[in-house]
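One structure, as structure tokens, below. Some questions next.
Going in written order, the chains are labelled A, B, C, D and E, and every chain counts its residues from 1.
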Amino acid sequence: MNTLIAIIGLGVLCLLFEIFNLRKAIVPIIIIGLLGVLGLTISEFNSTESYYNNMIVVSKFSSTFSSLFIVLTIFLVALGHNFYENHQSKISDFIAIKVFLLAGAVAMVSFGNLAMFFLGIEVLSISLYILAASNRMNLKSNEAGMKYFLMGSFASGIILFGICLIYGAMGSFDVTEISELSQSAELPIWFPIGIVLVTIGMLFKVAAVPFHFWAPDVYEGSPALTTALMSTLAKVVATATLYKLLSVMNADISESFKIIVVVISMASMTVGNIMALRQTNVKRMLAFSGISHAGFMLMTLLSLSTSAGSLLYYASAYSLSGIAAFSVILYVCKNRDNEDIVNFHGLGKTNPLLAAILTASLLSMAGIPIFAGFFAKLVLFNQTIQAGYLALVIVAVVNSIISVGYYFKLILAMYTKEPNEERKGTPVIIYAVAVIAIVLNIALGLFPSLVLDLLS
Amino acid sequence: MNNILNHIGIENYIFLSVILFCIGVFGVLYRRNAIIVFMSIEIMLNAVNLLFVAFSTYHQDAQGQVFVFFSMAVAAAEVAVGLAILVSIFRNLGSITIDNLKNLKG
Amino acid sequence: MSTILIIFCVLAAITLSTAFLTIFSKNPIHSAIYLVICFFSIAGHYLLLNSQFLAIVHIIVYSGAIMILFLFTIMLMNLNEEREVHRPRITRLGAIVSFCLICLVLIAIFINSKPIVGEYVTTGEDYQSIKVLGKILLNEYMVPFEFASILLLVAMIGTVLLSKKEKLQK
Amino acid sequence: MEMNTNIALVLVLAPFLGFLINVFFGKSLGKWLSGIIGTFSVVVSFIATAYFFSGISAQPEGIHISLFDWIQISNFNVDFGFQLDQLSILWLLFVTGIGSLIHLYSISYMHDDENMHQFFAYLNLFIFFMITLVIGSNLLVMFIGWEGVGLCSYLLIGFWHKNQEYNDAAKKAFIMNRIGDLGLLVGIFILGNLFSTVDFTTLKTAITTAPDYNDFWVAVAALALFIGACGKSAQIPLYTWLPDAMAGPTPVSALIHAATMVTAGIFMITRLNFLFDLTPSVQSIIAIVGAVTALVAATIGLVQNDIKKVLAYSTVSQLGLMFLALGLGAYEVAVFHVITHAFFKACLFLGSGSVIHALHGEQDMRNMGGLKKAMPITFVTMLVASLAISGVPLFSGFFSKDEVLLVAFHHNIPLWIVASIASIMTAFYMFRLMFLTFFQEFRGTSAQKHHLHESPSLITIPLIVLAILATIGGLISLPGNSWLNGYLTPVLPKLANAEHHLGTTEYILMAIAVIGGLVGIGIAYAKYIKQNTVPTEDAEITGFSKVLYNKYYVDEFYEAIFVKPINVLSRFFRDTIETALSALVFGFGKVTNEISYQGKKIQNGSIGLYLFVFVLGLCAIVSYLFLAQ
Amino acid sequence: MNVSLILIILLVGAFATYLAGDKLASKMALFFGLAAAGASIVLLNHYNLGENISFINQWITQPNISFALKADGLSMAMLLLTTALTPIIIFSSFGNQYKKSKSFYALILFMSFAMAGTFLASDGLLYYIFWELSLIPIYFIALIWGNGDTEERKKAVVKFFIYTLAGSLFMLVAFVYMYQQAGSLLLEDLYKLNLSATEQLWIFLAFFLAYAIKIPLIPFHTWQANVYQKAPTVGTMLLSGIMLKMGLYSVIRWQLPLAPLAAKEYMYIFIGLGIAGVIYGSIVALRQKDLKKLLAYSSLAHVGLIAAGTYTLTLDGLRGAVLQMIAHGFVVVGLFYVAEIIFRRYETRAIAEMGGIRPQSPKFTSMFLILVLASVALPSTFNFVGEFTVLYSLSQINIWFAVLGGTTIILGAYYMLKMFQHAMLGETNSKIFADVTFNEGLTLVLIIGVLFFFGMYPKPITDLITPSLEEILTQINRIN
């Protein structure tokens, strides 16, 4: 709860700074503030409490994920300093929206009442619509915003419908009550339908097949930093929320529901990976990669009671490598109108450090050992085999192989092609973010227990 | 005080909402005019709101109605943002036909 | 068939038909007006369900605020005539198919489910007066209530962000 | 024993040292010095051998030296050890002896070659490996030498490496040897598996004491070993490399391809006589192969015009006779013939080398003739050697060949007939060679005629020594009173109770053989002296002699049966299978890429479609969960 | 003092090399390579004295993974191979100028680190991690410093990477599966597993896919020739000298003891596959025009034989395989170095464009010939010891295996001598061929020295590896 309040306070502070004309200070202050919030969250790690009539429930799950979100937001805000340098007059708005978005995200993982869940997801979504469309002079950005908005509202409608049916069945929005009531027999069918509809809405948010179509278009069209946010923070938030939703409501996942999860997970991986193979736009490629990673993360839903740790680990691994990758993309594609792979030609020569970082993050996503992505997949496979879904794991393995194909396309472009122009100006902050993110990623790879054991 | 649902039956409300919801969905799929699509989404949300109120009566519980307030807030916020996006598209494109938004694909 | 049921049916018929008309009208202005009627009929439902406050809020928010926003936008963009390009047949077909499908599926499920037997509960307590709603909203639902303000704040900032012309700074 | 070990090491390592010196410093030492060092190192070995020879009578069981553990196998360990018994010392004697002579000869013969130090290095290396082969205490140490001499043979055949045909010949020799080596290895494997040892002494004990060895596998092992011997000793079907090996310098042909290396097969079989004695079926195969080889090679030798080729086929033929003897269990006879053959054939090769030297590389007998006046020493020594090989009485060849025939007659008359015919042919082609080379008028160019001269003494001295040995070599095993048989008894225990008598049959057979030899010489005389025939040009050769001249087309046959198919297969694998396999792997990538390409079309940017799929998905999930149950 | 020291030296070396800058990189790398070699000899000494030089530490609690490095004779032998070849390989590159050499040499050391780790790891996951890790440096080495057409090279290298990764991922699944059963991936815990025959078969096959691609066995070899050809010679040496051995080592260490039932049941098939590789590789090698490709196929043939040896499940088979692995490691590095030496002078790898080198460079020719002969297993070279032992073990299973496998000594001689003849012999080449420089000569002499020394006296290695192989054999023969 304190986390949430503090974050909102920061957001408001950000707006106030604009009023007092302290634009330059916004980014550093917010970063410091977020670090403080991070400390606060971590300090509350072991206290499991519920606040305000169980509206917000702080648990290990929520505080760990909140910390992850905060970390990601710090990175994204830091990158914003550079990204928005030509939009100084709007920087406070951008940062504020991001901070509020973070508030929504925190609400989503710590909700104790479906109202908070719904509002959280709407805060997140609306912020994202705005950020996606934020480059208002750019038609692509407009289109992305519009597409995301239309489909997102559609999905919101479905989520709302689902919540309504749950309420209809239970007469309450409180998850604890719902959870208790769900144990009893004689539930109206509205409840499972409601759960399924909410799940489908959330599947849309995590961009799982067949609800994934928006993702590539929106990722491609949005400003790069927004794409970074969507592909890291937003995706992770949505997955965590879906996980929490299903586990906390004790929805007694039926076998047939699990089959649905398996099918969707397989489809997401396969479609995501195969479609990514022929992409030339890096953001679009990463969008498809994100779809496949969503498929991986959905595997955690098959063993809800035990897989929180692995989800956290996977999410951290994925999002950290995503941040690292996107910071390189931001650097490379700054002042360019697209993110075509051509822009990356010869990066290995012109900027070996960033090329190495991008390579490392791609390798992490591909699941090559020593990077956290490998362990993420490993624990996931472990759990899934334990849950008895060997076939799913084999599909996942095959997909990992396919994924190497397109990750390496980018790596090849960096190292074997000749650079097409000289790049100058190496913003320190991009370096810092990229390096820290990848170092964190590798550290997670070297000491997976640090994260894995948090939630067990 | 008599429960009004004794006269109508909750099923009828469910069917009404479902059909209304589906009309909303239909509208989203059927129309290419972004404004109308927005309206269809509003119809969807309203269908749900209606059901909330019906369930609220069904359970004799105010929470459902409280939720409708939030839902309205969300609807309002969405419309505001959506229309803002629409306006900027209109400025750039001179049209609000969503079929024209096909630059991003592949 | 009680009076109430008849009222319900009439209202439902109005709701559904205006909803359809909203979608089928070629002129966006007409759509908007049908939608307003639809909202009013829904408000009628609320009244029927004895939640007067909600009905009024509904009318104020939807018909008063949201629809005005819509109309304003339509006027702003001068969209009062039909400009929509010809929809490909496949799109329409797809829309109709999915409409039928989703309708059928959902209704079939609810029909399949076992019907609610017996009397509906009547506690006799007041649960939907302004007073009660206010208490609940500002006690139990204080946090979401405040959070909704964040939502609106975000929307506000966002709308401004999207619409405001940039002051170019060198 | 310490003394013996050291001397044995000197024996082995002296040529190796010579090799090293010549390899590393040969060029700076100069030709003379390098030749002398090469020769000297072999002489040292010869002296060491003589030392052992002098002491062997005191130690009938031989000297066994184990240096260190070499290869460990699960059921036995292979020592790196030496075994100096009667057999190996005998072999060492003529290897180092003739080796020294040929080294000496080479100093002069190779003097014009720029790479003389290399030549001596290789020769020394060869001697080193040959010694290893002979004194190895087990099959694997022997195998080192076995392959090593093959290697040296490869190096020396291809000594003039700028000529790719010579290199082809070298390669062919090595590969054919390797075919045999595989047989030898297989034999070793089977013996190892059966008796858990490859050491000669323990193997002998194991075989002779094992009550229930497996007949079949022992026979297979013997056969496999025999295949190994075939490769090294140029027997059918692996003989074709030997005539080609004449591409090497003539001293090499004399040393490796006549006197020493090619007898390794005989050495090995004699060494393992206890094994072969147990497998009569294999023995008869050996005998038949030997006899047939003797005949076939002799027939080819009848019409060859290259002086060295004639000698090469003669060698093959003689080796065949030795194998015949081996196959008949008369190991001592084979050994005897090996020794005499080493003398006279080395002499013949060196003589031919002297001729070639004098004619500046000319090897075709059609371009020779009348050399006896110009090269009297060469002529006389070669004549002596020819008489010896033809089995003219009192020369060494007479005794040894006669014994082979005698043994054959006792065991199997058809084999005796075959062998006798081969001997007659031998006499014929040898004297054909002599007559064509030394008699009549010189048929070469006038430039060559002008330069005709007797070779220098470094060449003639070895010739003379060898001619003497070819003459008196028979003394070591006179019929009825054989020193050799007595000497070999510890190795060949059967000899102890063999009866030595010379009956009428034996004398008759001797007479037949002598007459046969004389007939052969007579025919040659009639044809090449009386009628003064000169073999026709290649193109004019017709009929059966064409078949003979082309060596029964065996090379062509092998080419068509083995080499071509393997090359065709190789090309097929390379071009088709590899491509197909590669395409298969790439295929996966291609297919997924294609799917991706098609998939991109679905993602067409239309929100309507996206939502449509959304709704479809929703319907599918909901209906699966709630309607399908 | 324990084996992690080697890994630390190599890893630190990699970083130090990178930091040393382009000029010093090669020397720095050589220094650390030699340091690792020295350290491993010291460790070997400790090991021989009976000290425990293994290292084990809990690493991840959930799942239960340990950082376990076990040093038994087998691992030590392979470690020595790695640390001995690494400085040789680094030294061999001294004649070449590489752009961005600090990255180049750092990657070499890093790869060496990963391979050493693979040989030492005794926890399944740790092993897997090292296994995969070794793939990345070679990928970049081949990609960036490789030769030939860029597009072709990319294709070959990416294929190699994806192919090998594909294989090993199934191994990972097998490990995960076993982890479910055992609750740990420590080798000794896995040994205690009681897996049914069916489970073992699947595990065996999963491992097999990984190893068959890495080794490679036919028909999984299609990446090999192209990558060998395209990679820089240093990369090729690393690949063929050490990395192939990772696959073979893994067969002995992991595949056979973990799935012995399947190994026994289908022994003939896998031996047959290995031997088919011998014949196929040799025949394909016959008509290769590119020297490096020819060597690649010869490698295919040799490792086929080694693999066949391992699958015999006899002490001789395993021992011969290990000996031959080491021998082949040295000889193939030497041969590729020879190809590189020729390339330095003639800028070609096409055999047809060579020829007539011998008259110009007797030293080089002699050393080349010795390597050729060693590769065809001339007795007294190390390769003979290995090949003989392997063939002997095959003969214990079935004499026909020995005969067919033995064709390698015929076919091997055929294609190697043919290559030698056309590359080196014949009329003096019009292009000048300078004889070997001191560095080149030293490298080759070192390799040749090793080959002859152990060819005559393999006992130290045999003694080193035999106890651990016997232990593995008891695991293989344990009754489930």
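Just so we're on the same page, a residue touches a chain if its C-beta (ideal position, glycine included) is under 8 Å from a C-beta of that chain, and two chains touch if they have at least 3 such contacts.
For reference, the UniProt names are A = NADH-quinone oxidoreductase subunit N; B = NADH-quinone oxidoreductase subunit K; C = NADH-quinone oxidoreductase subunit J.
In this text the structure is predicted, and so the values were computed from the model without any measurement.
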item	value
Separation of chain D from chain A in steps, with touching chains one step apart	1
Starting at chain B, fewest touch steps before arriving at chain C	1
Pair exhibiting more inter-chain C-beta contacts, A-B or A-E	A-B
Greatest separation from chain B - chain, by CA centre	D
Reference chain A; chain at largest CA-centroid distance	D
Geometric centre: closest chain by C-alpha means	E
Centre distance in Å when chain C and chain E are each reduced to the mean of their C-alpha atoms	71
Distance between chain centroids, defined by C-alpha means - chain D, chain E (Å)	37
Geometric centre distance via CA averages, chain D-chain C, whole Å	103
Whole-Å gap separating chain B and chain D, where each centre is the average of the chain's CA atoms	98
For chain B, residues that touch 2 or more chains besides their own	10, 14, 21, 24-25, 28-29, 32, 58-59, 61, 63, 66, 70, 74, 77-78, 81, 84-86, 88, 98-99, 101, 103-106
Multi-chain contact sites of chain C, meaning residues that touch two or more partners	91, 94-95, 98, 102, 106, 109-110, 112, 116, 140-141, 144, 148, 151, 154-155, 158-159, 162-163
Residues of chain A touching at least two other chains	115, 119, 122, 126, 129-130, 133, 136, 147, 150, 154, 189, 193, 216-217, 405
Every chain pair meeting the contact rule	A-B, A-C, A-D, A-E, B-C, B-D, C-D, D-E
Chain B contact footprint on chain A (complex, rising order)	114-115, 118-119, 122, 126, 129-130, 133, 136-140, 142-147, 149-150, 153-154, 156-157, 160-161, 163-165, 167-168, 171-173, 216-218, 220-221, 279, 284
Residue ranges of chain B in contact with chain C within the complex	1-12, 14-16, 18-27, 29-33, 35-36, 38-40, 42-43, 46, 49-50, 53-54, 56-63, 65-66, 68-70, 72-81, 83-88, 90, 95-97, 99
List of chain D residues in touch with chain B within their complex	600, 603-608, 611-612, 615
Contacting residues of chain A [partner chain E, same complex]	309, 348, 352, 363, 368-370, 374-375, 378-379, 381-382, 385-386, 390, 393-394, 397, 400-401, 404-405, 408, 412, 415-416, 447-449, 452-453, 456
Chain D partner contacts - residues on chain B that touch it in the complex	25, 28-29, 32, 98-99, 101-106
